[in-house]
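Dropping the structures in below, format is structure tokens.
Paired with subunit B in one complex and with subunit C in the other, subunit A is shared by the two complexes that follow.
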Partner chain A sequence: MAALDLRAELDALLLQLLGDLEELEGKRAVLNARVEEGWLSLAKARYAMGTKSVGPLQYASHMEPQVCLQASEAQEGLQKFKVVRSGVHAPEEVGPREAALRRRKGPTKTPEPQSSEAPRDPLNWFGILVPHSLRQAQASFWDGLQLAADIASLQNRIDWGRSQLRGLQEKLKQLEPGAA
Partner chain B sequence: MLEGAELYFNVDHGYLEGLVRGCKASLLTQQDYINLVQCETLEDLKIHLQTTDYGNFLANQTNPLTVSKIDTEMRKRLCGEFEYFRNHSLEPLSTFLTYMTCSYMIDNVILLMNGALQKKSVKEILGKCHPLGRFTEMEAVNIAETPSDLFNAILIETPLAPFFQDCMSENALDELNIELLRNKLYKSYLEAFYKFCKNHGDVTADVMCPILEFEADRRAFIITLNSFGTELSKEDRETLYPTFGKLYPEGLRLLAQAEDFDQMKNVADHYGVYKPLFEAVGGSGGKTLEDVFYEREVQMNVLAFNRQFHYGVFYAYVKLKEQEMRNIVWIAECISQRHRTKINSYIPIL
Partner chain C sequence: MAGRGKLIAVIGDEDTVTGFLLGGIGELNKNRHPNFLVVEKDTTINEIEDTFRSLGSIPGSVAEANPSQHDPPLWDEIDSWQFLNRDDIGIILINQYIAEMVRHALDAHQHSIPAVLEIPSKEHPYDAAKDSILRRARGMFTAEDLR
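Moving on to the complex of A and B:
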């Protein structure tokens, strides 16, 4: 009887593994499509704005990440990854804060709180009036980021599933040395 | 101005007009584009370009060939031709050619200031500046803190000086202000160029004024389109529109109030020239507004060559050459990204 239960468990695990693999293939295809779309939209933005206006000249060599990866432990020591916006830990503010891009009239008399500014949208590296294709590129890459975290979690789950499968097969061999 | 340009034009400018018409004849044809589109790698593209008038312009490039290098070399080649025209020109053609370079100078100034914001080294940026817009005070641009600084210390000797009237302020140069500065400088430049052509009169005014009016209207539409969803207020937006062109003044007032693409389309529907352009946006080819405007610009520039004895041929040639460079860069990008579905979205010229 124990063998039958074990076999049922093995089948269920195998089914789940195959389902996960299919999901992984699907997500990988979508990630590739998004990244390709993003790069093509960047090329379209270069067509509209000029080749040298969308390139390495526009970003600083040192930059603060806008997005961080958060690893969390689910059941049975399985790691899940999630993409999270940094700067969620806002400093204690008393009064209303000004948006980072307000046009300051006249010389600034009061020193602005320099502790930590709200992270600036990288879209503004290329100017304020950017063409639609640049915004589309940003959206594609952002989708790709989310997908990348999902894919990492899925791959973890698949590896864990495979090790579970191997463990169960070993147990089955021990229970039924002739039948396995 | 003396009427009868055909009697006096060739004395001073006949040689250069002949030269620029010869250059125009060497623009890439539809067959050349078909060959380029079939290339599999950038090296293939280089080999195909060698059979055209471009010749061995990429011969000195080290491997690997990138799209950026192709673009830089093409720009250098155009700059060489333009410098030849400028060095051999007499007044008033030399002033006209100087006006043409001002737009590139404005781009270079903004590139340098943005680079200063991002703490890039001046040498790095100077390498990427447009060669047509080179001026001697370029290295000093990045030390300016405010537009008045920029004007008084650096740009007062350059041809850009007269365009600074609306832009003088003590505001610090951050991203929003640099964008406003760029658009205001460009607006003043376009208005000054338009006045110059109009005062010159004759065939040059007949040819150049509609082209410049279209440029002003195009800028108004594109600024409006790109400002949806940004911090730019409607009043600020209205100050960036050039004050001439078909849209001036009623259309510009309506455009300043527009809040999305459909409202903008309604404004364009009042004008017989722009209604069909807006209708061509979207559709099956997925054309953007910038694409339809580039197509119209190419049409107008090709028509400029149908008349003789005017300076518009020089302007039209440089703009057509720029469109050709955009086409080649687009094809090169599609090839290098191996994404060939949109490779035929270039605009054929001849």
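Moving on to the complex of A and C:
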């Protein structure tokens, strides 16, 4: 009976794995397409701006990431990724912080702004007025990042499923040594 | 920055790195190493491997087990990169043709974080048969398992 339950669990896991692999293949194809679109747009931007105008020479000497990953643990060590924009901050509070009278004279204590400066858009590395193709490239690679997070989550799930599958197969071999 | 989350690193050719940096993943300041590497014609395999290991946070015991694979002068560089401390990377994007150069390092990486994603390059389209993850998945089943 235990062997039957194990076999049912094994079948369910196997089906889930095959589904995940199919989903991974689909997302990979879309990611590859987005990246290729991005390269084409970069090539168009290079054609418009000059060969040496879009490349490592334009990278900023100080970079802050606009995009970050949030990793969450779904179950039993299974990591899931989500892309978030790190430039989003809570609205700054404007107005008096305490219920007190304002003084017209005297030293004014202006509180330092708590929110840090928003990260600079990498498009600005390449100039103020950039061609539309460069913006399209940015959009393509941004889509690619979203897909990369989904694919990374799927890969982790497949690895996790693989280890679960191995564990169940070992248990089954112990229960049914004759069948092996 | 509390709750900032993890970074996405990229090891690739000029266009791939430029593109993903345009997407906003780049980090570079006075105190930290960059989370990207532009691989050019004169970039050595050792540099790629060291960068990957520094991003992938491979445990020091694994790296030290094969000291002969690293040139002795590089060992100080590896320490200075503090690859054990780069636990802020969530995903490493790497062109597949570059991944082929350091396949042994990729195959040795078994942790779920950072996740390694192989992506195509302009001259080398993506080949699922070479992907580390899919190769492991292909080895999941044997004829006996399916009886």
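Throughout what follows, the second predicted complex is superposed on the first by the 149 of 180 C-alpha atoms of A that agree within 3 Å, B and C clash if a C-alpha of one lies under 4 Å from a C-alpha of the other, contacts with A are read in each partner's own complex, and residues count from 1 in each chain.
Just so we're on the same page, a residue touches a chain if its C-beta (ideal position, glycine included) is under 8 Å from a C-beta of that chain, and two chains touch if they have at least 3 such contacts.
Predicted, not measured: the structure shown is a model, and the values here were computed from it.
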item	value
Which superposed partner A:V30 touches (first subunit B, second subunit C, both, neither)	neither
First (subunit B), second (subunit C), both or neither touched by A:W39	both
Subunit B versus subunit C as contact partner of A:G55, first or second or both or neither	both
Subunit B versus subunit C as contact partner of A:L6, first or second or both or neither	neither
Touching partner for A:I151 - first (subunit B), second (subunit C), both, neither	second
Superposition-derived comparison: subunit B or subunit C, residues of subunit A touched	C
Touched partner set for A:L168, first subunit B, second subunit C, both or neither	neither
Subunit A residues contacted in one complex by subunit B, in the other by subunit C	36, 39, 55, 59-61
Contact set on subunit B toward subunit A in their complex	67-68, 71, 107, 111, 114-115, 118-120, 124-125, 128, 130, 170-172, 174-180, 182-183, 222-223, 225-227, 230-232, 288, 290, 326, 329-330, 333-334, 337, 339, 342
Interface residues, subunit C side, partner subunit A - complex	1, 4-8, 14-30, 34-35, 38, 90-91, 93, 112-113, 115, 117, 119-120, 122, 125-126, 128, 133-134, 136-137, 140, 144-145, 147
Subunit A residues touching subunit B - in the complex, by the definition given at the top	36, 39-40, 43-44, 46-48, 50-53, 55, 57-61, 99, 101-108, 124-125, 127-133
Of subunit A, residues touching subunit C in the complex	17, 21, 25, 28, 31-32, 35-36, 38-39, 42, 54-56, 59-71, 77-79, 81, 84-86, 116, 119, 121-123, 134, 137-138, 140-142, 144-145, 148-149, 151-152, 155-156, 158-160, 162, 165, 169, 179-180
